[in-house]
Amino acid sequence: MSEHIVPTRVYYLVFLALMVGTAATVWVAYLDLGFANTAVAMGIAVTKATLVILYFMHVKYSSRLTWVVVASGFIWLGILFVLGLTDYLSRGWLPQPGVPRI
Amino acid sequence: MIENLPLFPAQASGLAGQVDALYFFLIAVSAFFSLLIALLVIVFAIRYRRRAPDDVGAGITGSLQLELLWTIVPFGITMVMFVWGAWVYFALNRPPQAAMEIYVVGKQWMWKVQHPDGQREINELHVPVGRPVKLLMGTEDVIHSFFIPAFRTKFDVVPGKLTTLWFEATKPGRYHLFCAEYCGTKHSAMTGWIEVMEPAAFQAWLSGGAVEGSLASRGERLFQDLACHTCHMPDSQGRGPVLDGLFGKRVQLQDGRTVTADENYLRESIVLPQAKIVAGYQPLMPTFQGLISEEGLLQLIAYIKTLGPKAPGTSEAPEGSPAGGRTADPSTGSGSSRAQSRDERERAGVGPRERK
Amino acid sequence: MSSAQTGTSAAHAHHPAQAHHFDSLEQQQEASTLGMWVFLANEVMFFGGLLMAYLVYRTWHPDAFAAGSAHLDIPLGAINTAVLIFSSLTMALAVHAAQTSWRRGQIVFILLTIALGTTFLVIKGFEYADKFTHHLVPGPHFEWPDEKLRAPVQMFYSLYFALTGLHALHMVVGIGIMLWLLWMARRGRFSAQYYSPVEVSGLYWHFVDIVWIFLFPLLYLIGAHVRHV
Amino acid sequence: MLDTARTRNYINAEYGVMSWLLTRDHKRIALLYLGSITTFFALGGLFAVAIRLELLTPAGDLVQSETYNKLFTMHGVIMVFFFLIPSIPATLGNFLIPIMIGAKDLAFPKLNLLSWYIYMIGGTFTMWAVISGGVDTGWTFYTPYSSAVSNTHVVATALGVFITGFSSILTGLNFIVTIHRMRAPGMTWFRMPLFVWSHYATSLIMVLGTPVIAITVLLVFAERVLKLCIFDAACGGDPVLFQHLFWFYSHPAVYIMVLPGMGVISELVAAFSRKNVFGYSFVAFASLAIAVLGFLVWGHHMFVSSQSVYAGMIFSILSFMVGIPSAVKVFNWTATLYKGSISWEAPMLYAFGFIGLFTIGGLTGLFLATLGLDVHVHDTYFIVAHFHYIMVGGTIMAYLGGLHYWWPKITGRLYPEGWAKFAALVVFVGFNLTFFPQFIVGYLGMPRRYHAYPEEFQVLNVMSSAGASILGVGYLIPLVYFFWSMRYGPRSGANPWGAKGLEWDIASPPITENFVETPVVTEGAYAYTHGRMNVV
């Protein structure tokens, strides 16, 4: 196979970054940042997942088709979440004439 | 045979005409395009039929203009349908302010109806002609759907919440009521009748028959029986939030959100009190999940809706009219207003057992 | 569609792993890699349905979910995260060993991956056992001191068990695949010419790791600050 | 048995039951599917017969309510999950996709066989549910009825659907990889037959949608058996969430059922007009557009479910969008006929039928996307009529048309043309008589899944039942002559229709490897004339 062979140094660096990320996410979880806690936790998780996908799973070195397949998985997840939440987040928005809104 | 072959349902509500107009518009569009396609297929199939075994068709690959035409034209037509349909949908979803309220509970396999004045019906609903009626609906078990074809409206009743449906009957008569969401063995027997009456006849019907007390008064009795009043006091001394004048107001929650105290908020606060804690109060209230029937919940809500804002200086005797300032409250319909006037007369009536 | 029938079936010797219906080993390996990626896209949606439920209910019952989450063991969860990340590293190194035809490396790294995966499952097992003893398993025996929160906390634990259980199931399948790889590696099947089973299994293993990278903060960490302030 | 010509082909390559049960040849697997789905179709059809018999009279007098509810549930479950979803992809798709792109087999032949076994295991679970008493939740499995109330065999059926889902996922995966990686030299994307395009789009839905229904029925199972709290309102759950997750798959699933049918129709219209499909690239991209947009519209099943009205608006407008690529396809097929060389053989009659019935089915779909109108027709017979126009008038018409068209390729024998034309006519008449009255009775307000109904609906229901018996005969005729033709049909030769396409360049039946030499493709599909010109 004519695939790019990733130097092991990259794997160790990514591993290190993932460990740091894990430590960071645990540490941040104990700080009270209000709503930002969730955002930071998810941000770190997305970063870690991206590292795994790009380096451990070689997507960085893969064909455009692989990128499309990976992206489509997450886009479809986005469709499910976004359209599903349009319902959950907008319930009760309809002003009912009998119920005054202030 | 023909009298047994109806082709169009009775049209007996204010919005039925609008729904039908939409329906005819879509039929016209559909008929036009179906016939157009059918005609073209038939004409082409005959006109260009194969005449010799090794004939081939013309070397035509396509036309951008035509593709654009039959993309844009359907798009335009469907947008008309969308806007018109959404318009009617909003009308179907927004009961007028003056609507009288009737409470409906679906359970396998019947519809239980409670009028504000206390009349109860099963699988029948009596309503006056020419007056908007808002149904506040819940279910005891699975999902059902309250469907009145003659009014062109239906809405599901869903466990865990209250839903509403409204209509204004325009023609006296007897119309089908169906359960439209499959709900188990006797789904097709969960049917009934909507009896639309002239206002005078409806008044006569309302005053006839034994009545156990208005809905709100039964709710009040339940309120006492469940000892709600020990925490929810009419002044701010209680451990729970003041309920007087609550309905329809914005409520500030502990977590910073603000919600409107509508029927669903009241229902949820009884069943899952921890879901939304009012700012400044402790999460002390126990859940009443399983302790109150769906009908009882509706009675409690009907009662809480009658609790107007406490007028300053009014003494609040335990049995006193909770309706002190309720005429000033724009949030309650006239239906419950009359319930209020009957309230005291019916107070002596024995409330039904609501505990399971 | 008229088409000239020209001969492309080459006379050169095939690699023993090449299936008859592929023109070349390269085509075969590309096909398996793409197949695994498509499968993983499908897996994203499989977990996606559950995550959707989690998302909706977490926004509905933030307090109950935080309370339920407070009974999860953050140190154990963090250790397990580290264990899985470590196993992803060994997996990546196993693929590297296959790409460089280093048989001994393949065996060592696959064994390490299996060991780490098993460690994860054992720790998870201890966590589950703890939930059993504390009656935190949804169902008739579920107990929660605060009666008012019982229902939504039970929902939190339902989703916890569904998500982690499904993840653990994927781990078990992954370990099974690793055992098969180990067997193949010992027989010297993988080399720089043919390593797509290792690579494709690696993709699966990393995916399972990614799922956990999301589950750990979602289940264990969000809301943790509330109880420590 | 089938063809036993002296020449070697995929049928006589090996003998014995095991040579079929362990085969990895996509053509043999297609035949395994053909046999199984025909069995399930017959079974689902029997349930339909019982339903129509019961509905002859307004009173529920033929069977008990419990039985009736099980009948329509099993009819739905079997027809949707065990017939319509695998129908065209697993038989015609399996048989033809490798051949059409010039490959020897699908990318993963063993996985292909595994898909069939998974399908059969799922089918076994469902059959076990049928035999041991049936299930009465409706094919939609709405909670809380399915998870907490029904005391029928929900678990076995849900597991059957769950398992069969994996068959569908793996088939879709196999198709996607095959189409990407196995095309012959010169077979560019825009030289592929539209049948392949539509299967590619279908596979996308199978891969990205099916896992969601799998996890959803698994959650129902968990709620029922393991007593988890997921959709139960008593735990603060939302029964409507089930509907979101269910329809996230089950609406796109409608396109899993109809997109392959559209692919068949593109082939039929081209072959029997001997002409390029008009606007090839628009038809191809319309398939992809349908697959993608199909995922954005599921909430139109929930306009009266207490979903937010704003979500309803978004889903409504998106639902209209998905109608447009379907309209584009219909217009393009019609335009393909213009100046064609049209022959009226049986497959083409089915194609005509498809175009007409799919047009009606599609247009009545607009009624359901229209918010204010759907409130009235939702859950009535109007919707029953609509989706039968799409699935029976659309998919089954296309399936039968495709089966006739490729029958000579599959078996090497010709079916009797006269009988086939007659059957196509009977199916068309029977179908319309069955389902058109249901639009009317639906608008009158007859709810679906009703065991007994008010008397004024009887005449329309009798018409419907009468039509169903005609339709049933229409389906039996091909069954008989297809079996007959396997032995007695005249030999067809490689290309009985004078059609274009790689499948017509090879022998009938094909050899196991499909091609003696890997073909090199130099032209687009449907190159009946070599000159290029545009319509003015």
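Letters are used for the chains, namely A, B, C and D, taken in the order the chains are written, and counting of residues starts over at 1 for each.
Keep this in mind: a contact is a pair of C-beta atoms (placed from the backbone, for glycine too) under 8 Å apart; a residue touches a chain by one contact, two chains touch by 3 or more.
All figures in this text were calculated on a predicted structure; none of them were measured in a lab.
Between the chain pairs B-D and A-D, more C-beta pairs are in contact across B-D. The distance from the centre of subunit A to the centre of subunit D, each centre being the mean of the chain's C-alpha atoms, comes to 36 Å.
The geometric centre of subunit B is 46 Å away from that of subunit C, both derived from CA atoms. Between the Cα centres of subunit A and subunit C there is a gap of 16 Å.
In subunit C, the positions touching at least two other chains are 34, 38, 41-42, 45, 48-49, 52, 56, 60-61, 64, 151-152. The residues of subunit D that reach two or more other chains are 180, 208, 212, 234, 236-238, 240, 244, 248, 306, 309, listed in rising order. Among the residues of subunit B, those in touch with two or more other chains are 90, 93, 272, 275, 289.
Shown here, the protein chains touch in all possible pairs. Contacts from subunit A toward subunit B in the complex involve residues 92, 94-102. Residues 65, 72-73, 76, 79-80, 83-84, 86-94 of subunit A are the ones that touch subunit D when the two sit in their complex. Residues 180, 204, 208, 212, 240, 244, 248, 295-296, 298-299, 302, 306-311, 314-315 of subunit D are the ones that touch subunit A when the two sit in their complex.
Contacts from subunit B toward subunit D in the complex involve residues 1, 4-9, 18-19, 22-23, 26, 29-30, 33-34, 37-38, 40-41, 44-45, 48-51, 53-63, 66-67, 70-71, 74-75, 78-79, 81-82, 84-93, 108, 141-143, 145, 147, 149-150, 152-156, 158-161, 163, 176, 178-189, 191, 272, 275, 289-290.
Chain contact summary for the complex, subunit B toward subunit C: residues 255, 272-275, 277, 283, 285-287, 289.
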